[in-house]
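Comments concern the structure below.
Chain lettering (A, B and C) follows the sequence in which the chains are written, and residue indices restart at 1 in each chain.
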Amino acid sequence: MSHAMKRKRATVAGVMLASALTLTACTAPTGDANGGDSSGKSEVVVYTGVTGDFAENFNPFIEGNLQSTRGVIYEPLFFYNITSGGDPEPLLGESFEFNEAGTELTITMRDGVKWSDGEDLTAEDVVYTFELITEVPAFNTAGYDGQAELVDEKTVKFTFPEPSFTDAVSYIGNTPIVPEHIWAEKTDPTTDQNAEPIGSGAFTLSEFNSQNYLLAANEEYWGGRPEIDTVRYISLTGNQSATDTLLQGEIDLAGIFLPDVEGVFKGTPLEYTNTPLNQTSFFTCSDEAQGCTGPQTDVAVRTAIYNALNRDQLNSLAFSSYNGQMSPTYGLLERDEKWIADEFSEPVPGTPNVDAAIEALEGAGYARGSDGIFAKDGERVSLTVQVVTGWTDYIAAIDASAEQLLEAGIELKPAQVSFQEWTANKSNGNFQLSLDSLGQGVAADPYYLYMRYFHSDNTAPVGETSGQNFARYSNATVDQAIDAAGSTLDEAVKAEQYAVVQAEIVRDMPYIPILVNSALTIYNTDNVQGWPTEDNLYAYPRPDRAWDNGIVLKTIKPAN
Amino acid sequence: MRYIARKLGFYAVALWGALTVNFLLPRMLPGNPVDILVAKLSARGPVTDELRDSLELLLGGAPDQGILEQYWVYLVGIFTGNLGISITYYPVPVVEIIGQALPWTLVMIGIGTLLAFIVGVALGMLAGWKRGSWLDNLVPVTTMFQAVPYFWLALVLLYILSVGLGAFPVSGGYNYNVAQPGFTWDFVGTAIYHGTLPALTIVISSFGGWLLGMRNMMVSTLSEDYIVTAEAKGLRPMRIMTAYAARNAVLPSVAGFAISLGFVVSGSIVTEQVFSYPGIGSTLLQAVNNSDYALMQGLFLVITLAVLGANLIVDLLYGVIDPRTRANG
Amino acid sequence: MAHESSRTVDDAETASGDAAATVPTSGRTEKEIIFSDLEVPATASTNMALRKNSASPLTATFAAVRTNPPKKAPRWRSVLPPMTPKLATGLILIAAIVLFGVLGPVFLGNPRSIRDIGRTPPGGEFLLGTTQTGQDVLAQLAHATQGSLLIGLVVGVLALILSMIFGVIGSYVGGWLDESFSLFTNIMLVIPGLPLVIVISSYVEDKTIWVLAVVLAITSWAASARVLRSVTLSLRSRDYVAAARVSGEKSWRIIVVEILPNLIPVLASQFVLAIIAAILAEAGLSYLGLGASGTFTWGTMLFQAQNGFALTLGTWWWFVPPGILIAVLGGALSLVNFAIDEVVNPKLRTTTLRKDKKRLKKRLHTTTEGGVPV
């Protein structure tokens, strides 16, 4: 398609721009971005969904580095596939082993790995990387508290103060290994832009400017040179312009949202994979003891909202029916099947149960007022829900929810706020309801989500900045069970502990589950094959996900 | 000389006032950059409390200082060209980001504004000269273009001409397959090709204003007695139109143009958003959305300097063009 | 920015106002002569004030020869623009849109009602079709019209009041007050408007259209104040104002009775321009996702349509109507502004063209006879 389209563009452009632009009319259309241009090189053009110009930042330890830094240029020891929950894929490491207590972790390194400048990558680089993280607290994004020591040239041993079966995944699956001979020379690694990154990944930086940058295949890559010659990342202002550019055949891989994907890309070689991951919920400021105020502090009100929502309608009206069903346990239905307790194996129903909602409220002593809204002790069940201005799918979902809840005698008032305010209000507990989503952790295990969103370690009283437990949920039983699950490798014990957590949080419902948010990855199948599809999710397909993008780019091949 | 000194004095005061306002305003924004970064990052991957702490270590330094200390650092920074480090584009210095963005805005939007001015003034001259002609009667129509929201017109044109017909590119400032930024013919060519539609939309939506202003000035000027005198002397109409009428009538438009050049910088926000065009406007939007104080200050500074500079030039120019201004000053 | 286009109008005005303002007060005598030559009271338009700068010294000579006795107070009828087809068209269009904005929301249903019929083309039950979530576009348009008109009106009034305070009072009183007001005006003028709006409005937690209107007013009065200042400066030196002052009238009375009536056409013109600018600015802000939250305006409708991929999916009925209504209202207001301009500056009237020329010829004849060398 892109060929035909470009030719047409060339003609029209030539006619319309006439003499003044003859130069460009000739030059503009010649360079086909995709596989099979005159030079025979295959180039993949990627739009990650990030808006605005690029800043030259390939420092893998600074958040805000360019998307390809972690995964494409630098690699971790192991790759954990968040979509499948299978065994980790060895990258720079070959195997790992815990001692029984979970306090010692021994890693065997892969043989024959070279940095892109030709130097050997050894276990010493791994030790150096973890020492760097310990030395520079700003780099310690995973809370690494271990001690790395060199056993021999290809073996590293980590020692932890506590059992770290689950936490260690963050260290070995989420830490980019950097070359000692380069990084030891840097004077201030925290502000170093690392403009000429030397990594071990499948691609190396070729050229950079603020509108796009180019990576070239690493000829010496340990896994064999990737089949794609170059990868170009481009900057755009958002979904609309990305859609236009995709339609021009100028992007091969994009992570964006748009309604009616099939209709828009009909007749083009563009296809998509939908991988719902983040779980959209009404976050509630749930605990009066922490200073929350409003009807949502009553679990009966939260249960009533849960029952009154018509999720099928929300999905079709606001989310173009791309969203997935959610488990009331916040585990992902298929992936976490073995972690979801039997009693909660059913997903959250798509159709509303208004009777159950009304029952919940009446059972808790609420009575309908003359305006049709329930009230108790003079306080009406009227809730304000905060949403970010411009998040149109969420706003539409709230508009629809408001009508649905009205039938159950609950008033829902939307408040659109700026992203800044919304964020600040969440961490300070300055909200009644907030429409947001629960994100996943490093690996395919609900532990990380439970830890972040439900453990009382990660919350704070209203008025203080909390961790990600924005709901101000604190429950000693849950805390204990999460801690216990984190310090064992025994799956049966883990499942038992998760069942305890689930029984508590399904009852208390500090986050009212709605749907699993869709994540669309759009790719061009004309020039490139081997993209991750729903049948073969060898990695999470979105190009904005660290580590996974490196796996995708070294797996795809030019068509033909 | 007194006139010039007076003017320079005024602009020094205005600059100081504007700088102070620029300093205070970004700090009135709600939100905290670390919270915002964490929220954005959690959509992409795991964010732990440790990460949060580490971000605070990196980015949270400035807010601990007192407001006066920050003000002092700000003023010193401006005069030494050190505007701090951007949060959005951490750890790139603000000066570097502005330096990357500025040329795009200046060239594309500058040329669009210049073309709109030239077209508007030329047509306005003709319309005013031949009052009641078909061109003159079109004046109300052209001002209709000004009433159309600029981004609406741009989006429609983009959709029809670029997405539909494929006559123009849909996004970006140049074609990376043709050339990389630099002073080569290839690059200039592709940059012109990409800048044409954005510039065209600026021309379409804004030449009406210049046209009307020029036309009205022409009409006023033409009824001046010295024009009648010139006619009576038997000068050629072309010479009267250009050398006598238009030359006097264009003065206010020139003044307006210099000022509008200052607004070019801030006016680019919408244009750049629609066309995915690199520049100051899209950078500013990023900065505001990320509470990027340092970057915002830097951008405000550039915009402020542009407007003040343009105004100063106009005032000095007037001193030169109109001798009475000087004499009376 | 979206109101860039209108900005240029303002700029032209500003520039001319500025040019006039750069003429120091000592040049008063010259100004008097020129203005007294006009047949209609005030001379408001900036163009007129500016004319002074572009005029060749000859004009002054002519004018000096031929002085009309200045009229004390304006006749009210001369302030009202004559009804021309242009003006009539403008007024009818404005009336129609206002009617739609006032009555529409009453008769059309709830604009937020969601139905399971997303993106229905126009026709049948929904005259303008439905949005992505099955909301009635016509009902949204009615509410949006109301919202946008409200913003335009509120901003227009507020900006007018502010510009009168800083433009008229300052320049009439003169001295340090004038200097400081003028300085303040000029500083407000150089501070970039759109970024300022973004910053101030994000400071406010619940961004209603009222907040937005106040912010837009705060950032948009300066240009108008500069125009008013230059016109007031010239009015202030008029004979009848001087006479009133000499006879001991109070300052506020002189401003209200002698100066304001003469300013009415300029004020009207500035008011109309402020409305257009405000509506366009609101639309631009909304497009950037920074508009009023939870309220319908033309801008928020366009923003939602844009986010619902209205153009890509071919749902033009969602995207086109708000844009057209803005353009029509803007065009109608411009037509009214033309009519006002013609009151302010009668030379702009196309209909008087012939008469003008004759008059000029005659005048030239007279003055030549008067012994001025040609």
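By our rule, a contact is a pair of C-beta atoms (placed from the backbone, for glycine too) under 8 Å apart; a residue touches a chain by one contact, two chains touch by 3 or more.
No experiment lies behind these values; they were computed from the predicted model shown.
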Centre-most chain [mean C-alpha coordinates]: B
Pair sharing more residue contacts (C-beta pairs) when B-C is set against A-C: B-C
Centre distance in Å when chain A and chain B are each reduced to the mean of their C-alpha atoms: 38
For chain B paired with chain C, centre-to-centre distance based on mean C-alpha positions, whole Å: 22
Whole-Å gap separating chain A and chain C, where each centre is the average of the chain's CA atoms: 50
Contacts with 2+ other chains: residues of chain C: 202, 205, 306, 312
For chain A, residues that touch 2 or more chains besides their own: 244, 418, 420-421
Residues within chain B bordering two or more other chains: 29-30, 163, 273, 285
Contact set on chain B toward chain C in their complex: 10, 13-14, 17-18, 21-22, 25-26, 28-30, 116, 131-132, 136, 140, 143-153, 155-156, 159, 163, 202, 205-206, 208-210, 212-213, 216-217, 219-221, 223-226, 228-229, 232-233, 248-249, 251-260, 262-263, 265-270, 273, 284-285, 288, 296, 299-300, 303-304, 307-308, 311, 314-315, 318, 322, 324-325, 328-329
Of all residues in chain C, those that touch chain A in their complex: 112-114, 116, 118, 132-134, 202, 205-207, 289-291, 293-294, 303-304, 306-309, 312-313
Chain C residues touching chain B - in the complex, by the definition given at the top: 1-9, 11-16, 18-19, 22-24, 26-27, 30, 45-48, 50-51, 53-56, 58-59, 62, 86, 183, 186-187, 189-196, 198-200, 202-203, 205, 276, 280, 283-284, 287-288, 298-299, 302, 306, 311-312, 319, 323, 326-331, 333-335, 338, 341, 345, 347-348, 350, 353, 356, 360-361, 363-364, 367, 374
Parts of chain A lying in touch with chain B, wherever the complex brings them together: 5, 8-9, 12-13, 16-17, 21, 23-25, 27-28, 30-33, 51-53, 55-57, 59, 62-64, 137-143, 170, 174, 190-193, 207, 209-212, 214, 232, 234-237, 241, 244-245, 247-248, 278, 418-424, 426-427, 437, 439-442, 448, 452, 458, 465, 467-468, 544-546
Residue numbers on chain B that touch chain A, as the complex places them: 29-32, 35-39, 41-55, 57-58, 85-86, 88-92, 97, 100-101, 158, 162-163, 165-178, 180-181, 185-186, 189-190, 192-193, 196, 272-276, 278, 282-283, 285-286, 289, 291
